[in-house]
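Each of the next two complexes has subunit A plus one more chain, namely subunit B in the first and subunit C in the second.
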Partner chain A sequence: MLKKVYISLGVSVVLFPLFLLLILSFGKQWSYPHIIPKEFSLVHWISVFQLNSTLPITILKSLVISLSVATIVTAVSFFSAKHVSYSVHRKKWLFLAYIPYVCSPVIFAATLQFYFTYTDLSGTMLGIIIAQLFITYPFGVIIFSNFWNDNIKSIEQLSTTLGSSPVQTFQKVVFPLSKSVLLLCFFQVFLISWFEYGLTTLIGVGKVKTLTISVFQYIQEANLFLAALASCLLVIPPMLLLFINKRFVFTNQQIG
Partner chain B sequence: MKQTRQIAILYKVIFVCLTVVPVMAGLIYALLYSFGIIGIMNNGFTGKYWIAVLLSDMFWVSLGYSLYIALVSITISLVFALSISLFIKKRNITISYLFYIPLCFPAVVMAFYSFQLWSKSGWISRIIYQIGGIKEISSFPDLTNDTLGFSIVFTSVLMIVPFFTILFSNLYHSEKLHELKKVAQNLGASSFQILIKITIPVLLKRSWFTICLFIIFVMSSYEIPLLLGKQNPQMISVLTMQKLQRFNLNDIPQAYTIASLYVMITIFVLTLLSIGGIKKRFITKRRAYA
Partner chain C sequence: MNDIVLDIQNISKAFQKEKVITEASFKASRNAVFSILGKSGSGKTTLLKIISGLEQQDSGSLFLEHEEISAIPAHKRNIVYLYQDALLFPHLDVFENIAFGLRLRKIPKKDIVKQVNKMIFDLQLEEHSHKMPTQLSGGQRQRVAFGRALIIKPKVLLLDEPFGALDVDTRKQMQQLCKQTILNYKITTVFVTHDLKEALLMGDQIGKMENGVLKTFINQSEFLNDPTTGAKEEIEFWKNIYKNEERF
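This part shows the complex of A and B:
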């Protein structure tokens, strides 16, 4: 009985933020001391699907940035991590990877801002993608460094000994084994990029508006209904990724 | 063979270009600016900005406040995460799903949610008003933008607890704590002794490095204190950005001084952690050989 009470309490704590944000995103007027908004309206949600609204473009921009960063980082850091992990100085390489990973992204961006302004990358989507690569690539290397272990090395060597070429070893042996870690890295990097605010604001100098920046702008304008709507839009893609991850990747792993 | 070596060198060059070069380039620029060698208002080498920052309360108070927020948040989060993970124990797909949901919330959304919950006109205040706990809105205490950082800690805890709960639950199984507990029980240990002398020490020891990383992460957080923090004291990232974005150009070298100091402190702490890790591994290996 007590266990059920605790579980219900846990469920409420976890789901309440989503509930409150959804309620507010449909709200129109929320005067004190009403617990829920006095009036509800679909007007904010309809604006998301209108072409003259700025929100669809903002969502598209955020998606392009996050998908680009996630794809590049997953592809490049996968192979970089292999050479780092098999190196004699593995620990020293990984220590170097931890520095940008641990540094405050906004302070890191502040120290790099000059170079982006100098190369005219400041205020461009390309600039934001490059800046985000600096914080997500080391993260990718750290994730993959656990995958490239002695076991994988032995399997690779066995495959080569049995006569397969490096391309065949990768295609038929390493790639199938690495599918889940590749997906994990892609999802995680997508989330870091999708959630990024400080670095994106500094390098984007207000010219590139992502969804996270929009949430902040709406909050500063005290437009809590639009802020709640933008927050919901920010949370939906990660939830979908979580569902895909849990439903397919996790289930496949369990079956495997 | 030669081609393989060339590919290895290429990927190591990419690694250096994407990790070492940006950090070094940023640090060099910040140091040059802070010592007056480059920058709009600077005329040549000077140590006055460093002296100003190091002798002022502002930097140390900010650093101390960031550390206080990080330590309080992590301590509370660890207590909750340990309690929940030990309460769940058995792997349950639905519950594990549940703890992944808060990880889908970015810091800015969580901060916004906390503001809507704890501000004077927030949801909690409205509930208390409805049940007659307060007579007017001003009677509700300042729980956002307050000196103690209540809402910053609350938001950080909300974001950290799910991560550590998942980590501890996984460690509970990977470290085979259930079997260890059975052995201890057979040897006559009480449930409390097992908890204090086996379960908690094993979980904390195995996650020590992650806990230290999270202390640095919380200290570096920007969006949460920007929305929920006070003008004074400020957390270190907010202080740096405010000094950098102010109209007073004389504040910019000080901002770069703080940024340089913070990056160097982070590298120093990481070095200590990695040395500690290597030493610990060395001792463990030596014990294994003995």
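This part shows the complex of A and C:
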């Protein structure tokens, strides 16, 4: 009983700020020191579904960037982590993977900006995707480096001697065993990309607006209701991922 | 007995500068068990991995039924290599683990069910066919691994200290079951162990690996009389124990 009370309390603490954001997103007029807006309207939420509004395009751009980064990193780092983990120079490669995290993403972006300007990638979605790959790819390698251990190597070899080709070994053994870690990497990288601000602002040079950048912009403009709306939209994908993670990934791990 | 299935000639292997196998040659007869006795680090596992195609030798030749197989990839050799750990596929139950090799070969479903059920019966695993690997004991897991290898009827079965992780009683049971099943299924086997008794018990032919060199023996008697095998010391040890017991 007490446990249930604690859980309910914990959930309320997490959900209350989100609930407050949701109320603010419906606000039309608010003045200090009131906590709740005086007037409410659906106008901001309706704008999300209007094609001539900037918000749907911003959401779409954010989704394209984050999904692209998450997909590329998950796919590429999965296989490159295998080579890193089985290499005799494993420690050296993993040390290199940690280098992008020595400084913050903004400083890291500042060191890259020259090259992006030189190659005309600044201010483009492709530029942002590439820039985010620089920080998320090593992260993917680090996640997968624990998966590719001696046990997996032996299971792969065993499967090979039982007659499976490299493709069959991947389909029938490696992929089913790696589903959880693949999803974990995809979710983590998606979230890093989704909430990325400093690097995206610097490489995007104000031309590419993501949802995270929009939230900051609305706050700077003191547009409380739009900032609340953008924040609500910003937390939807992470909430969805959290649900999928709990519903499918965690359940699978328990069965396994 | 004299029909040679596996002919290993002058194999050598080094990892970077460290020589792991200096010289290994032996011939394994059809349906016989060739035991290789050796301490840890003597090069036994590397030799098995070379035979299975998981490692490439630096020099020497491998003949399987008189065909040179060095250039043939591991998945096409039809030589199964079993580790000390059972290494069952954790996402598959006992039935599916055993059926793994048959499904790869696209055998009709009816035949798979029939063959797997027979194997499960032969290995006394009837009650466990739908259990997941985590629900099995060490001995049961090893039996499943064994069945998964035997069911595809490999030309050669390589067993790398398969009972090393088992307790004494289970080990004894598994040695008998293994010997009997290999005999029933008529599979040429190379059995690697560091246990002298196990090498003698399992092997029809025998060899000893030491510091990367494999020495083979014509028969068990030659092996027992060779001072380098340690067999004489073992016999003397037990004789003395017996004598001491008689005195009391």
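In this text, the second predicted complex is superposed on the first by the 245 of 256 C-alpha atoms of A that agree within 3 Å, B and C clash if a C-alpha of one lies under 4 Å from a C-alpha of the other, contacts with A are read in each partner's own complex, and residues count from 1 in each chain.
In this section, contacts are C-beta pairs under 8 Å (C-beta built on N, C-alpha and C of every residue); 3 or more make two chains touch, one makes a residue touch a chain.
In this text, all values refer to a predicted model and were calculated from it rather than measured experimentally.
**Q** Of the two partner chains, subunit B (first) and subunit C (second), which one does A:T54 touch, if any: first, second, both, or neither?
**A** Neither partner.
**Q** Quick one: classify A:V173 as touching subunit B (first), subunit C (second), both or neither.
**A** So A:V173 only meets subunit C here.
**Q** Who does A:V84 touch here: subunit B (first), subunit C (second), both, or neither?
**A** A:V84 sits against subunit B, while subunit C stays out of touch.
**Q** With the two structures laid over each other on chain A, which partner does A:I7 touch: subunit B (first), subunit C (second), both, or neither?
**A** In the superposition, A:I7 touches subunit B alone.
**Q** Going by the contact rule set out at the top, does A:L162 touch subunit B (first), subunit C (second), both, or neither?
**A** second
**Q** With the touch criterion stated at the top, can you tell me which subunit A residues are shared between the subunit B interface and the subunit C interface?
**A** In subunit A, residues 166 are touched by subunit B and also by subunit C.
**Q** Would you mind writing out the residues of subunit A in touch with subunit B in their complex?
**A** 3, 6-7, 10-11, 14-15, 17-18, 20-21, 24, 32-35, 76, 79-80, 82-84, 87, 91, 93, 95-100, 102-108, 110-112, 114-115, 133-134, 137-138, 141, 166, 191, 194-195, 197-198, 212, 215-216, 219, 224, 227-228, 231, 234-235, 238-239, 242, 246
**Q** Under the touch definition given earlier, write down the residues of subunit A that touch subunit C in their complex.
**A** Spelled out, the residues of subunit A in touch with subunit C are 151, 154-155, 157-166, 168, 172-173, 176-177, 256.
**Q** Spell out the part of subunit B that touches subunit A in their complex, as residue ranges.
**A** Touching subunit A from subunit B are residues 4, 7-8, 11-12, 14-15, 18-20, 22-23, 25-27, 29-30, 84, 87, 95, 97-110, 112-113, 115-117, 121, 123, 125-127, 129-130, 137, 158, 162, 213, 216-217, 219-223, 227, 236-237, 240-241, 244, 255-256, 259-260, 262-263, 266-267, 270-271, 274, 278.
**Q** Which residues, counting only subunit C, touch subunit A once they are in their complex?
**A** Those residues of subunit C that touch subunit A are 52-54, 74-83, 85, 87, 89-91, 100-101, 103-105, 148-149, 152, 158.
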